Amino acid sequence: MAKFILKRVAISVVSMLLLITVTFFLMHAIPGGPFSPGEQKDLKPEVLEAIRARYGLDLPVTQQYANYMKNLAHGDLGVSMKKTNYTVNELLAGSFPVSAQIGMLAVVMALIIGIPLGIIAALKRGSAADMVSMVLATIGISIPTFVIAMLLMYLFCMKLAWFPTFGWGEAKHFILPVVCLCLAPIANITRLIRSSMLEVVRQDYIRTARAKGLSELMVIGKHAIRNAILPVVTYVGPLVASLMTGSFAIERMFMVPGIGRYFVNSVSDRDYTVIMGVTIFYGAFIMVCTLLVDIAYAWIDPRVRFDS
Amino acid sequence: MRKKINMFPEQPQPPYTMADKDIPAELFELLPEDEKKTDVINRPSISYWKNAWIKIKSDKLAVAGFIFLFIMVLIAIFVPIFSPYTYDGQDYNAIYQTPSMEHLMGTDMFGRDLFVRVAYGARISLTIGIVTALVNMVIGVLYGGISGFFGGKVDMLMMRFVDVFAAVPSLLYIILLMMFLGANLRSILIALCLTYWFSTARQTRGQILSIRNQDFAVAAKVVGESNLRILIRHLIPNSFGPIIVTVMFLIPAAIFDEAFLSFIGIGISVPVASWGTLANDGMATMGAYPHLMIFPALAISLTMFALNFIGDGLRDALDPRLKK
Amino acid sequence: MSNHLLEVKNLRTHFASGGGIVQAVRGVDIHVDAGEFLGIVGESGCGKSVTMMSIMRLLAENAAVKADSLVFDGRDILSQSEKTMRSIRGNEIGMIFQDPMTSLNPLFTVGNQMMEHLRLHKNMTKEQAKARAIEMLTTVGINEPEKRLKQYPHEMSGGMRQRVMIAIAMCCNPKILIADEPTTALDVTIQAQIMELMEDLKNNFSTAVILITHDLGVIARSCSRVIVMYGGLIMEEGSVEQIFYEPAHPYTEGLLRSVPRHGIEEEDSESQDKGGEAQTVERQREKLIPIPGSPPDLMNPPAGCPFAARCEKAMKICKMAPAQLTEVGEGHRSACWLLHSQAPGKDRER
């Protein structure tokens, strides 16, 4: 078990270093920059030069990289180049809780709706309930999140005026973003659970459980579900990732002051330190989630625990 | 829903039982050898691909998906050629028109014909879907095939490399690459092709590893076939079905990602129109002119439905593990 | 009222499948007495496992079961509520299956899987159930039972898992133990140990055992009575001596010719060590003859005897009508037209 976790941590660390390096050099290889003459036409060249020197942008790229890594080791992500009064750490601390709130709500919604729906569909295969949940799942998988968001926004904000199109802070601002975010995961979880459940109920150990005289509740609720849920556990890691990245569009559309909006803005603004900071934060966050999921998997499935 | 059928149909009464005492004597003559055979199981054996073809033909949703996709391809190819309008032709006398015979889907704020723009978007989306899927299939199958086939250290190294890259969501890499390469079709294609193949590679490797140890591959080895020959003759064809299914699902995923990138403004840029850009433009004015948002949204969603139906149909037909 | 522990009359089990109705079991009579060791032998697909699953009422929804009578311990199985059936399964009838590698749930400890139905059927507390589980593991020959209880199935070998399966099936003291090909997936040496264990259990607990197998060797060593099935029907039944020394059905003869015959001579395992060697060598000279052809398609079962197409003694009548089981000796019955009074002698040359 310890070896297994250690291996996962090692892979994550290497992945992070790679991500940081690739991002850093890609970003600096792009022609132009936050303070290139083309970007800031109203400033004199001397002033620009001074600003560039202040941010260390006049140094050779390798030197900049070394400096950045040194600061990063101390947990310092630098100062925003566009929002001059903020450090990247401050920006993240302000926006992450917002994204995390919506994201977690969506994950929880997806699990508590998707899992029962998939189980019912599998157990009553061919029934009306199965058909309905499969139709819903296909819709959730086929229609892009931002299209669903647009349609819901049009219907509920513009036509029915039940919710405001933007704003933040109250419950009514939460509802539509969370609904939009959780639809696709619900669809995926429903399909995953359904197919793994269909597979599991055919297994020999289910027959054994029935032959022991266990009630159907025990056979399904204890023996089948625990096995059927394994693929979902694997999915939850990437799910968190996809909710965080999927929120790029949702946060932009509903003007949610979350981390995704900063990322998109910083990309078009060439705000080097924010791009780096958000990328590193995303990467690290997602890897921690994946790691936690792997550990959860090993906790549920003893075979993984002893394999390594 | 299952039809109620009579599970115990009337059985024909046998003409004689053991209790009968006056059975014609000739019935106790030996049964000639050639009359025995008739009872032996004689169902025609159907090949894997033929079986798959029969299955997919009977899958109504998949067939509908194929038909829709075919029409979409025709629209993508011919509408921009034969339409009197071009995707960037502006007409300030005809802005924000609602759908009419002249402009089937209406016009936008510059008076550009939306139907041509959606058809042009179909070109972009379908190109991205197909090219990405094909390139990733080649890279993924080769990479995974080599890794799984050689096994051992080579396999470990190659898979660690994939692990390291795949640990970060591909969208992060894609966005960074888009920044580097500029917002156009070529950049999106490169970005998607560089980041999508991990899953195909992993899957191919898994397939090859599991098949490698199966009896027929071992048998081929015992008979003395060379490794490469086994790979080409036995392993790749035997793992082809599931791989096709994976690749088939890459097409909608790629179209999805392009639409998403264009929607948030770092994909295809104006005046070229992809479905994502169109939807983004449409959203800005959807309070007053909802048709500008609805038609691109419909185009994306219906194409996604079609592709997912085809993918599901192919999976049911090609993946032996899911046999009912 | 019958005084058999289990009595099945004219059991028919049909499955709905995509292409039609599969008539897996087409009228089977079976009875089992307390403490009896009954063997059911036949090729795969002959209906032997389906018969057992029908008795347990454990078949999938696409199956339909009919019988003139299906009585276990004085109760009509087919009319019992599902709740009563559950109190019979695992409690009064234990069952073990072919593949011990997949028959245990990989995600729960062995102890968990042993104790859950003990607590259910016998209303035991956790401690009582644990004590009983340890006792059963010891009985089936597993060392360090306390430690094993905490282990997961994948930490055990196939033979050990099958012992666990037997312990699970036996821990409620069932009246019948149904063993569906219990040794097929195991190594030969382990096979012998498992069979020995089942014989011991039968003797010590006076549990009736129904052993389903395609291995005549296994039948010969343990069973007292044998039923031979083919194409969803019983071809022959009798004591193990009758079946092995005076087979009355060409299918049984074919089966016996197609396997090396050593089982029945080995009953006394000590004599086999020295004196048995010469015997085995002599036996090996006997030629093994496979039965040509393949079993009938039960979606369109033949009108006559299912074995007619592969039988070297088949007559015209065999294709027209099935033969009913006919007494050939005490407790020895065979379903063959050759036993009809008008039939020519058994030794007619082809």
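By written order: A, B and C. Residues from 1 in each chain.
Throughout what follows, contacts are C-beta pairs under 8 Å (C-beta built on N, C-alpha and C of every residue); 3 or more make two chains touch, one makes a residue touch a chain.
For clarity, every value in this text was computed on a predicted model and none was experimentally measured.
Counting C-beta pairs in contact, the chain pair with the highest total is A-B.
With centres computed from CA atoms alone, B is the chain lying nearest the middle of all the protein shown. The centroid of the Cα atoms in subunit B and the matching centroid in subunit C are 47 Å apart.
In terms of their C-alpha centroids, the spacing between subunit A and subunit C amounts to 54 Å. Computed from the mean C-alpha positions, the centre of subunit A lies at a distance of 25 Å from the centre of subunit B. Annotation for subunit C: no residues touch 2 or more other chains. Multi-chain contact residues of subunit B (touching two or more other chains) are listed as 2. Residues of subunit A in contact with at least two other chains: none. Those residues of subunit A that touch subunit C in the complex are listed here as 203-205, 207-215, 218, 222-223, 226-227, 300-303, 306. By the touch criterion stated above, subunit A contacts subunit B in their complex at residues 11-12, 14-15, 18-19, 22-23, 26-27, 29-30, 126-127, 138, 141-147, 150-151, 153-154, 158, 195, 238, 241-242, 245, 248-249, 252-253, 263-264, 267-268, 275, 279, 282-283, 286-287, 290.
By the touch rule above, subunit B contacts subunit C in their complex via residues 2, 5, 7-9, 12, 14-19, 21, 23, 25-31, 35-41, 43, 324. Considering their complex, residues 1-2, 160, 163-165, 167-169, 171-173, 175-177, 179-180, 252, 256, 259-260, 263-266, 279, 282-283, 286-287, 290, 293, 297, 300-301, 304-305, 307-309, 322 of subunit B touch subunit A.
Chain contact summary for the complex, subunit C toward subunit A: residues 56, 58, 85-91, 94-95, 97, 99, 102-108, 116-117, 120-121, 152, 154-155, 165, 168-169.
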